[in-house]
Structure formats: structure tokens, C-alpha cells
Amino acid sequence: MSARTGSVAGLGKQRVESLTDGIFATVMTILVLSVIVPYVTSPVDFGLTPPDLLPIVSTVLSYALSFVILGVFWVGHHVVFHYIRRTDWALIWLNNVFLLFVGLLPLTSALLGHYPLAQETQILYGLNLIAVGSMLYATFAYATLHHHLVDADLDLRIVRSGQRRILMGPCVASLSILLTSLNTDVSLASFVVFPILFILPGRIDLFWQRQELA
Amino acid sequence: MSARTGSVAGLGKQRVESLTDGIFATVMTILVLSVIVPYVTSPVDFGLTPPDLLPIVSTVLSYALSFVILGVFWVGHHVVFHYIRRTDWALIWLNNVFLLFVGLLPLTSALLGHYPLAQETQILYGLNLIAVGSMLYATFAYATLHHHLVDADLDLRIVRSGQRRILMGPCVASLSILLTSLNTDVSLASFVVFPILFILPGRIDLFWQRQELA
Amino acid sequence: MSARTGSVAGLGKQRVESLTDGIFATVMTILVLSVIVPYVTSPVDFGLTPPDLLPIVSTVLSYALSFVILGVFWVGHHVVFHYIRRTDWALIWLNNVFLLFVGLLPLTSALLGHYPLAQETQILYGLNLIAVGSMLYATFAYATLHHHLVDADLDLRIVRSGQRRILMGPCVASLSILLTSLNTDVSLASFVVFPILFILPGRIDLFWQRQELA
Amino acid sequence: MSARTGSVAGLGKQRVESLTDGIFATVMTILVLSVIVPYVTSPVDFGLTPPDLLPIVSTVLSYALSFVILGVFWVGHHVVFHYIRRTDWALIWLNNVFLLFVGLLPLTSALLGHYPLAQETQILYGLNLIAVGSMLYATFAYATLHHHLVDADLDLRIVRSGQRRILMGPCVASLSILLTSLNTDVSLASFVVFPILFILPGRIDLFWQRQELA
């Protein structure tokens, strides 16, 4: 192993991915708990009258939005760790802080679902997305710095287009935050743009495809 | 790797399965939370009088029903990904939407447990099953389209019988939904047929067994 | 592969273990939720007066008891699947029903913690342990029947001593249930015997050690 | 395999790590539930008035503190199991008791968040950290005793510096507990020192790096 790597014994890539997948799976699942609460606290009713579903429309929508956004970040983490060959203390802790902000999403998502049009909850949600996106960027930027945790011959174009794509997240979320001062209906709608931009294949994806064709 | 595959670097099959298993495990486990709530909010009682268990009979049954149905879908996902050799963006996102609907089951299951005879909750539960089943079908259909994500020599009879077996799910759930307009006691009972049909070995399973005998 | 196996394509042992580990991890973790609830629903208090901790003594103890018992079953599952070489539909579904009863433990454990001396809650807890233990026994007995899912040369003494050791669980839990009709203080204490019997190395463990010495 | 090992068939290192990662992932995620509760129980509000966020400042901070501390213990477990080659009953159960105390952190963390300045909650939090740290120490000390579960040629300096580093945790937590009798503002702040000491690379990490340079 290269002297430059500073790779730590025992901190393999596999268990970092395993912890990350476990946290994503649990976070994506407990999002729904904030929707369920009103029903599970009410008594069982064997009548034919249905429960009132209107109050949960906004929390179900915030569940779906956050689930898809978490899917975006999970795919992003997935791609970043595909290129990572070694880990060191700094990378582990960048990843842990990334996970810390991922773990806050059930809170900011529940706030958005319960107070969808309040500027403050939208700003908090946006800040959470910025925090998660920035930590993913920091992880990738750190790992590719002097190529010290990735393959020495990793194409610099992949590095740069990957970094640009990750940075798009915090930029879009910042725009949504700016929009909240104008109109919170518009800014709420703008949060939906976030995952769509990432689900559409970006330039880096087309680059990968070209590489495979070659 | 074939130029047609469009397989994405870094999006290995293993981490997709790992996220899926994690979400299934968490969803299957938090189903029980909606049953527990009435007891954990009551104070501790050192007397000999037992708690009233009658109110949770229907939520325990809806827990068991949903747990077994999730087991059916997990086995289905398992078999589908057995044949998948490569992943691409579209497959990942078909799987993520599949998981989004899986993650809604604790909500629709809690509604069914708390309002078991209301037509609306039964329809929502049925629609959830249709959504999960359809996404599994879409995932398999997409992966086997021109065999682009499966082995080139995968027997077409396996593809077709697999697709038919997955489609059985949305069909049975649709029938249950239709029955709700007649009598919600009958339609409630019909939901139990759903997992039974899948736990009984189907034609595709017999086909596999024949192949092994050969 | 032997024609007798009926092993199902795609249902590898690894993902069954992965789902099982995920469900055990989540169940062992959400046990604590029923202890936390009284505090998280009360407002934050910046005073120096501590919260009343007496009411949670019994729920903390039931958490510890159930956590250790789940550890026992997890180790048992671990050992059983060590010997299993192949899976088939029946094995998967025996395992799924095993997991269904594992998933009920947070409920019966919360009941025991909140009504520790009521005969009914103790019986339910005991029945849950019997159900989990019996399903583990059924899984092992099915897998070793004619050795069809284990190695053909697996020592019959391992099979028999393993089965006897698993059966010890339901027997001990049955005794605890019988004791509830005499005195629920005594029967409550008897549940603590359950994990202790399994944590002490049994005859099968000594057998393994002898084999290694040879 | 050495006769001295007493290694148990079927209790591979991999599933122990898998259960541990799953429990850490779930514990780190459900920490946030105690912050969310006040919002999910309130009805949805489509007005522009934001929810009151002041009451959750201390619970969010206790979430962040506990998340980072769990990260520290996870990294510690990771490094310990890097050196472990075999498992036996005692190691499994030392690890299970370690996990039992890890699973209590959502409780003591919620108490700290809701009663941040009460001496009792701080002492409980500190005792929980001591319990987790001591079990990790016991696991490592047991595994390295006569080198019976690690490589026979594992450098004794690694063993000793690793043990010293793990023991630092219980020592720092004990100091925080002592400080609670003086001033709970000061002792609360001292808990933040705990993770910082571990995130800074220790002598053992520098040792690893030197080894790699050689």
C-alpha cells in the first residue's frame, strides 16, 4: 500500500457501505411514522365510516418527496464509493457527518409535512438538503484530492463532472430557499425539481455510457 | 460488457439488494409499532389485572397479514434479482419507486387494522398492493426487455411465466377492491387469499424443479 | 445438485441471512422505544429536577430480558444456517413465519414491561417464546430431514443434539407459563432462566469443541 | 484450527458484524424520533406561522452528540473486529451485551435532551457511555488474551495501545460524571469532549501509519 494513502487498518470500505445502507434503509422507512401517528393513537373502529384522510395528504407528499431525495443521495453515495479504493480516518468521519445530516431528514421532512407553507420549515428543509449534499461533495473532493483514496489513473474528467453534478444539489436547494422569501407556494413546488434533476441522467452518466461503448 | 447494456459504473447489484433487504427488514419490523402504541403510552401497572387485549386483535391480524405479504414481495424481488446481471439508472429508479410503495405499507396496514371494515381503507390497502406488485412487474419487464440486463440465453419461458406470476398479484388485489363495493367482510377475507396464492408453489417453481431434475 | 433438493433458483442463503439479521437488528433496537415514550412526549425541562425514573424500571428490565433472549435466538438461527447448504420454498417460508413471531416480541415485551405481574401478559410472552422457538426447531428439522438441505455427511449426532437444544426453549417457556397459575412473581423470575440456560454452553457446543480438538 | 481456540462452528465473524452494523444503523436513526414526536402529534397547519422550534434545540443537540458518539464506538468496534480472526461463545455474548448497552443510548440520550441540566440524567448518560466502552474493552481484551482469537503474531504494542485507547472512553465519561456534582453546565459541556478525543487520531493510528510507511 502506498505510503501516501494513510489508509487505516480495519476500516474497510465494505462496513462503511454496510452502515450507510442500513442508515438509509431505516431513515427511508421511519419517514412514514410521522404520517401514521394520528391513526395509531386513535382506537380501533369496526364501523363502516372511514377515517379522515385529508389531514395526511401533505405528510404523505412530504414522505414521497423525502424518500425520492434520499434515493438520489443514496445513488450518489453509491457512485462516489464505487471510485473509492481505500478509506482513512478523515473519510470515515466525513461520511459519518454526512450520515448525521441524513438522519435529520425525518425531522425536517415531518416539519415540512406538518407546516408545508411556513417559510421557516421550508428553509430548514432546504438547509438539510444543502448539508447532506455538501458533505457528499466534501467526501468525494477529499477522496479524489491528489487521487489519494482512488485509483491513480482515474480520469480527471470523471472527477470534475462528478463534483459538478454533486454540487448541483446544494445550488438547487439554495435557490429554493431564496424563493421562500417571495412565495412559499412557489418554493414548495421548487423542492420537487431537486430529485427530478438528478433522476434525469446527467453528463457524467452519458460519459460513462460512452466509455462502455468504446 | 455489451454496448447495449448502458450499465452504470458503481451501481452494483449487491448494494441495491442490501438497501432493499434493509428496507424490507425495517418495514416488516415497524409494522408492529402501530399495535404497541396504546400500551406504551399507558403507565406501568404492577397490579394483577391484565390490560384489555380485545382492541388490538384487528391490528395484530393486519400486522400478520402485511408481514406475510411483505414476505411474498421480498421473495419475488429475490427471484427477480437472481436473474438480473447488470443494473442501470432506469432499473435503480424502478426499484426505488418499488421501495417507496413498500414503505407506505405500514401506513395502509395501520389504517386497515384500525378501520378494518371501512371500504376506503380496504381500497387504499388494495391500491398499495397493486402499486408494489406493478413496480415489481415493471422492474422485471424492463430488465428482461431484449434481455438487456439479464443473461442473453435466459429461457423465454422463465421470463413469461415469471411475469405472469408477478401480474397475478395486482389482479388478485383488484378483485379484492371490486369486492369492497359488495361487502367489506367478504373483501377483507379476500385479502388473505393474496399471500396464500403466492406461498403455494406456482408453475414457474415447478418449471425450476423440472430443470433441476434434468 | 441433487434432484431431491427442490432448491429454488435465486433464493440464496445469503439474502435470507441478510433479511434475518436486519429484522433482528431492528427488533432489538425498537424494543427501547416503549421505554422512551413517556419522556419524549413530555416537554423539555431546563430545571435541575430530574425526571421520575421509577416508572421505567420494569420496562427497562423487560427490554434487557427481551434483548438477551433475541440474542439467544439470533445465535440459534446463526448455528442452524451454518449447516444449511441450500434453500427451498418451504425453508424460506418456515423462516418467514419464524421472523413474524420474532417481530411480535416488541409487543409482548412492552406488555410484560407495562403489566409485569398480570398472568395474561406473562402467558402471552411465554407463548411468543414458544412460537419463535418452535419455528426455529421446524426450520432445522425440515432442513435436516433426509439431510436434503444440509451436507449429506452431516453427523446425525449434531442433528439430534442441535434439535434437542432448540426444543429446550419451548419446554422452559412452557414451564414458566405453568408457573403463572401459581404465583406471577415466581413465574416472572423464571423467564430470566430462559436465556441463562442457552448462554451456558450446551452439550452440542462441547461436542463441537471436541471435534476441533480431534 | 488450534485446539485452544474453542471457536464455534457457524458463528462466523461476518454475521456478527452484520448484526452489529444493523443495530448501530437503527440506533443512530431512531435517535431522531424523540425530537420529532412533538410535531407529528400536532395537526397539519397550512398557515404561514412556523412551529415553535426553540423547545427542540436541546434534543437536536443531544441527537447530534449521541450520533457522533455512536460513530466513535462503531469505528472502535470496526477496528477491534479487524484484528479478530475467530469467534467463540464468550466473544459473541460479550458483543451482545455491548449491543444491549448501545441499544439503551436512545433512552439516555432522550433523557439528556429533555432534562439537560438535571444531574441524574447526566449521570445516567455517562454510565451508559462507560458501559458501552467497558464492554468494547472487554471484547478486545478477551479476544487478545493469549492471542487466542487474533493472529498469533499480532504485535503486542497494537494490543496494548488499542486497549489504552478504548479505556480512555470510560475514563473521560467518569470525569464528566464527577463534574456533575460541581456544576451541570460544565459537565454537560464536558460530554462534548468525549467524541472529540476519539475523532482526533490517537497514538495507535499514528502507529498504523508508521507501519504502512515501513
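Should a chain be cited, it is by its letter among A, B, C and D, assigned in written order, with residues numbered from 1 in that chain.
Definition applied: contacts are C-beta pairs under 8 Å (C-beta built on N, C-alpha and C of every residue); 3 or more make two chains touch, one makes a residue touch a chain.
Small disclaimer: the values here were computed from a predicted structure and weren't measured.
The most distant chain from subunit C is A, comparing centres defined as mean Cα coordinates.
One rotation lays the C-alpha atoms of subunit A on subunit B, and its angle is 90 degrees to the nearest 5. Where the sister copies subunit C and subunit D meet, the same residue numbers recur on both sides for under half of the interface positions. Work out the mean CA point of subunit C and of subunit D, and you get 25 Å between them.
Spacing of subunit B relative to subunit D, judged by their CA centroids, is 35 angstrom.
Those residues of subunit A in touch with two or more other chains are numbered 18, 21-22, 25-26, 30, 33, 41. Of all residues in subunit D, only 1, 3, 5-12, 15, 18-19, 21-23, 25-27, 30, 33-34, 37-38, 41, 55-56, 58-59, 89, 92-93, 96, 99-100, 103-104, 106-107, 110-111, 113-121, 124, 184 touch subunit C in the complex they form.
Residues of subunit A that touch subunit B in their complex: 17-18, 21-22, 24-26, 28-33, 35-36, 39-51, 53, 60, 63-64, 67-68, 71, 74-75, 78-83, 199, 201, 205, 208-209, 211-213.
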